[in-house]
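Here you go, one structure.
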Amino acid sequence: MGDIVFDIAHMLAGGLVLVSFMLLYQDRLYALLNIYALHALMLTLSVAWQAFSQAAPHLYVTAAIALVFKAIVIPVALHRIIQRLGIHREIETVVGVGPTMLAGMGLVALSLVVILPVTPEGDPLAREDLAFALSVVLLGLLVMVTRRNAVSQVVGFMSLENGLVLAATGAKGMPLVVEISVAFSILIAFIVIGVFLFRIRERFDTVDIGALDDFRGERR
Amino acid sequence: MVVIPDILVQGAQMALVLLLSPLLTGFVRKVKARLLRSRGASVFQPYRDLLRLMRKEVVLAENASWLFRVTPYMIFAATWVAAALVPTFATGLMFSWTADLIAIVALLGSARFFLALAGMDVGTSFGGIGSSREVMIASLAEPAMLLIIFTLALLAGATQLSTIAAFMASPEVGLRVSLGMALVALVMVAIAENARIPVDNPATHLELTMVHEAMVLEYSGRHLAMIEFSASLKLLLYVSLIACLFAPWNLAGSGAGPASYAVGAGAYIGKLAAAGVLLALFETATAKMRVFRVPQFLGAALMLGLLATLLLFVSRSL
Amino acid sequence: MAIAILLWCIAALIGTAVVAVAAARSRHAMRTVYALCFAACGIALSAALFHLAAGGGAAQTLTLPLGLPWLGAWFRLDALAAFFLVIVNLGGAAASLYGLGYGRHEPAPHRVLPFFAAFLAGMNLVVLADDAFTFLLSWEFMSLSSWALVMTHHREPSNLRAAYIYIVMASFGTLALSLAFGLLAGSYVQYGFEAIRAAEHEPLVAAFVLMLVLLGAGSKAGIVPLHVWLPLAHPAAPSHVSALMSGVMTKVAVYGFVRIVFDLRGDPVWWESMVVLGLGGGTAALGILHALMEKDLKRLLAYSTIENIGVIFVSLGLAMAFQANAMQWAAALALTAALFHALNHSFFKSLLFFGAGAVLTATGERDMEKLGGLIHRMPATSFLFLAGCMAISALPPLNGFVSEWLIFQAVLQSPDLLEWGLRIMVPAVGGLLALSAALAAACFVKAFGVTFLGRPRTPAAERAGEADRFSIAAMAVLAALCLLAGVLPGFVIDGLAPVTLALIGESMPVQASLPWLTVVPIAESRSSYNGLLVFLFIAVSASLAVFVIHRFASRALRRAPAWDCGFPNSSPLTQYTAGGFAQPIRRVFGTLAFRAVEHVDMPPPGDTRPARLTVELHDLVWEWLYAPVERAIGFAAVRLNHLQFLTIRQYLTLVFLALVTLLLALAIWS
């Protein structure tokens, strides 16, 4: 495998981590959705490059799924949901941007420390993909933890899922059936969450998760 | 003896940065004006401004101390020395080992230290506002810069600019996500350090958001000329730095003949022009930020620098 | 023999202390004591310098029949000790010189003079000691004499509190150190350093020793979270003593750490260096943030000491990491950088405290927000203080930059480390270091700008006069040293070579023979720095600019009222204050580091009371660590109070039960 193959894979996977950081940094809803689309696009490119470099045609299908559903359908749908709900566009973060980014750095460092020493002998491509994928998953979780708004939590969840796909493709591909079923389960999860969003909104007149806590009588 | 041509080339570089820097400023202004569909002043206007200011008398505030009068020359000297140490058209000049990249950044830090003190010297509130904001910006921009240097130095194995430039021009660099991040972070730092839009506005005056202009409000005559000149030099320095690190093409090596020096100089002027156009485009397309958005902007640069260093470890050679 | 001369100097200092007790109230006591201290420190300094310059070769030892009868008091002069003796005695000589002038303003000289000499003697003894018993005794002697100096102005309640916290922390530190030596001495009870060095130490024991040394020496040096006493106690003492405590005593603590960890304990393990690195990085960042929030000039300097100690410990941690990876050349670089920074810090911190003392005597104020404009009334002091500010802000071509540059060069050697944790942590700590360096520059722009520049904010600042000539001489010597060490760092690095050679077995390349006196840590193609040329270039190009402009353009000058965008005659109170200057930085870092909250009280229209903005800052270390301990002790004390009111029979029962418990424990144990 030539250096350039590795370099491009590395660029794309690293770019995915970077876009995850942009998700963390962004505090406006529409921009957040656009960045999520970019996230999915990076994933598409990354997976397609893996398909090319591993000569595994079924990964092209994965890439296509990522492109159609994650980069186009879901962002557009979320866009419309936001419009329908008419929710205000500022995201209230629980923690400030600075500490969140620092925590994100810590998570990336952690995943590097966890992954790299245990796979010294592995294929460098697979191993750096795993390290990046774990970072993306952890960053997705961090987005979910640090946001109050339900829509941005959905975005965090979706980016987490992108990380899983990246991990799966790096590990010499998983069966296509699994991939497709995962994609559809995500879609169903998305629909369920979408329905819930409207229900929450109907009841509480907001999509701030804090309102749910208030309803349960918990202290915020 | 090979020493004499070496000294000549080093002297040529010192003169070159001095001569070109007002031109770059004038060029950026001109392009900005054209983008706004106005004609704009001639690209040589900065030279005329400097000469006019130098010939005028200095009006000094009654309370100004010796520090206030010394500062412009200190800033000018530190910036000039720093600018002359960055490779422009050739690497491996006679004194290029005097200071590495860290020392060049620290020299700029010295200049800023004095400028911030001068802002406080007269004892006006505008001077204080400028100084306090300048040190806030610097407190984030300098560590970001250091992290960028870490990224480059960990890759190239050196902090010496000539060595890094030689490494970046060699084929073993490859595409690296870290380098991309470092480039973006370096551009962000350069924008902040040179008081450009969106961090500060070089053309503004009497605005509560100004930073650099607020510090130099009390300066006039030759002192102001020195400060404006150093500002131009600093812009040129950052452009040359970015060019020599991320576009190290056609840099003449040490001891090369006059022909390759000429090619290097031509390429350098081309790079300056390209950077000037890009800067003008960017400045026309963005709006200035609130002062307290600046920490977030620079914090992002800092994070990019840190991320770049972290991601180095998953790349192939480290 | 150098060691004999040194011990005679110490004896002279102790003698001076004894004489000072008797004659403190006489008229000439002040001058005599300081002159004697100056002479003794000067001789000791030259002896130590001579030993170091001679290559530090063979260590000299001497045993005196003092202390424990079967042990005696052992002393040893090796390269490490000689280097720290240079720091101690240089600081001591400078402080004595300063004291010759400054001491005249001291209202209670009999409370200063004896302890000053004793304090100097104590610090010298710690560095020379070669057995655990002498070391601990000297350490405690040093702590107690400095405690007495903190108590000099004991009528002020804040000083009393400072002294109380200091003595508690100092006792705690000595306790930790004695436990560390107990562990090192092992079951054979060997207290001589020679025997400890030769013995093998279990990894677990060695790790415990490191933690105890971090507690003991770290609390004296001011590592976060053990720093709380430092910003209280250092400023409370008279200024030349503050300079000694900040500039020199913290270095003695660093000496203790280096002696035990690098010399006595054996090779470090990699995770231990991570602890030191993390503590050092946190200390540096938190120390300088505290300094930025401060408006008391001397407390600002004390907090900045904490920052510099953090920098030194980061570098020591790097040295440990490299040593654990058998990268001896990199370890030598890091250790050299740490010791160089220790030397530099002793120069500029003493200088800055002297300057603060001069301001204090001239105006009676430590609060920067009541000063201003002193550059017109104290030109020499302000010039020298500026030199100190530049040096501590790590600006080339002064000395602070060289040592920080060396530390950054050491950071860049991290990719060769084996452990992933270290590889990732070292650049992150390097970033933290860069952050604290940038904040330090901001902090000293504030310190100099608010105190010396602008217009005077109070009549006291308006009436200030220049300091006396002894004070200025002491400051000038230190400022000159800052410049010299900055432009000729190669000689200092070469002077440190025997130290690293003895501790690590490797030293940095010889610098003095390089062309143009450049500093090259590893190889020239990797990095080099030449302070001399940078200094010359700046000087030449600045003079060139001045000459050309004054000769060919204009030299006319006219004084006029300040323009200030057309706001005429504003009051001096509209100038930026220390708090105002730090406000942007507080808004960036304060919410995270201090949980800063601003309260704005804006009266409604028609109400005549003034609007108020108050800032609430929390010292999180104090609130989360010390306050709970304090509360627990208070709670326990209240609970145990009724033990004081028992009958004789009940007391006897207690004693009896304790005895039985001990016997039981013994029975189970064996």
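Observations on the structure shown:
So that you can tell them apart, the chains are marked A, B and C in the order they are listed, and the count of residues begins at 1 in each.
The rule is short, and it goes like this: a contact is a pair of C-beta atoms (placed from the backbone, for glycine too) under 8 Å apart; a residue touches a chain by one contact, two chains touch by 3 or more.
Since the structure is predicted, the reported quantities are computational estimates derived from the model, not experimental observations.
Shared contact partners of chain A and chain C, listed by label: B.
Chain closest to the overall centre, judged by the mean of its C-alpha atoms against the mean of all protein C-alpha atoms: C. Each chain gets one centre point, the mean of its Cα atoms, and the points for chain A and chain C are 48 Å apart. Centre-to-centre spacing of chain A and chain B amounts to 38 Å, using the average Cα coordinate of each chain. Shown for chain B are the residues in touch with two or more other chains, namely 295, 306, 310, 313.
Those residues of chain A in touch with two or more other chains are numbered 98, 105, 109, 112, 116. Multi-chain contact residues of chain C, defined as those touching 2 or more other chains: 420, 424, 428, 588.
Taken in their complex, chain B has these residues touching chain C: 54-67, 73-74, 76-78, 80-81, 95, 97-100, 102-103, 106-107, 109-110, 112-113, 116-117, 119-129, 131-133, 135-136, 138-143, 145-147, 150, 153-154, 157-160, 163, 206, 217-218, 221-222, 225-226, 291-292, 295, 302, 305-306, 309-310, 313, 318. By the touch criterion stated above, chain C contacts chain B in their complex at residues 372-373, 375-376, 379, 386, 390, 393-396, 401, 405, 408-409, 411-412, 414-415, 420, 423-424, 427-428, 430-431, 434-435, 437-439, 441-442, 445-446, 448-450, 453-455, 518, 524-530, 533-534, 537-539, 541-542, 545-546, 549, 553-554, 556-565, 567, 570, 572, 574-576, 580-585, 587-588.
Every residue of chain A that touches chain B in the complex is listed here, in rising order: 3-4, 6-8, 10-11, 13-15, 17-18, 21, 25, 97-98, 101, 104-105, 108-109, 112, 116, 124, 127-128, 131-132. Across the complex, chain C is touched by residues 96, 98-99, 105, 109, 112-113, 116-117 of chain A. Residues of chain B that touch chain A in their complex: 174-178, 180-181, 295-296, 299-300, 303, 306-307, 310-311, 313-316.
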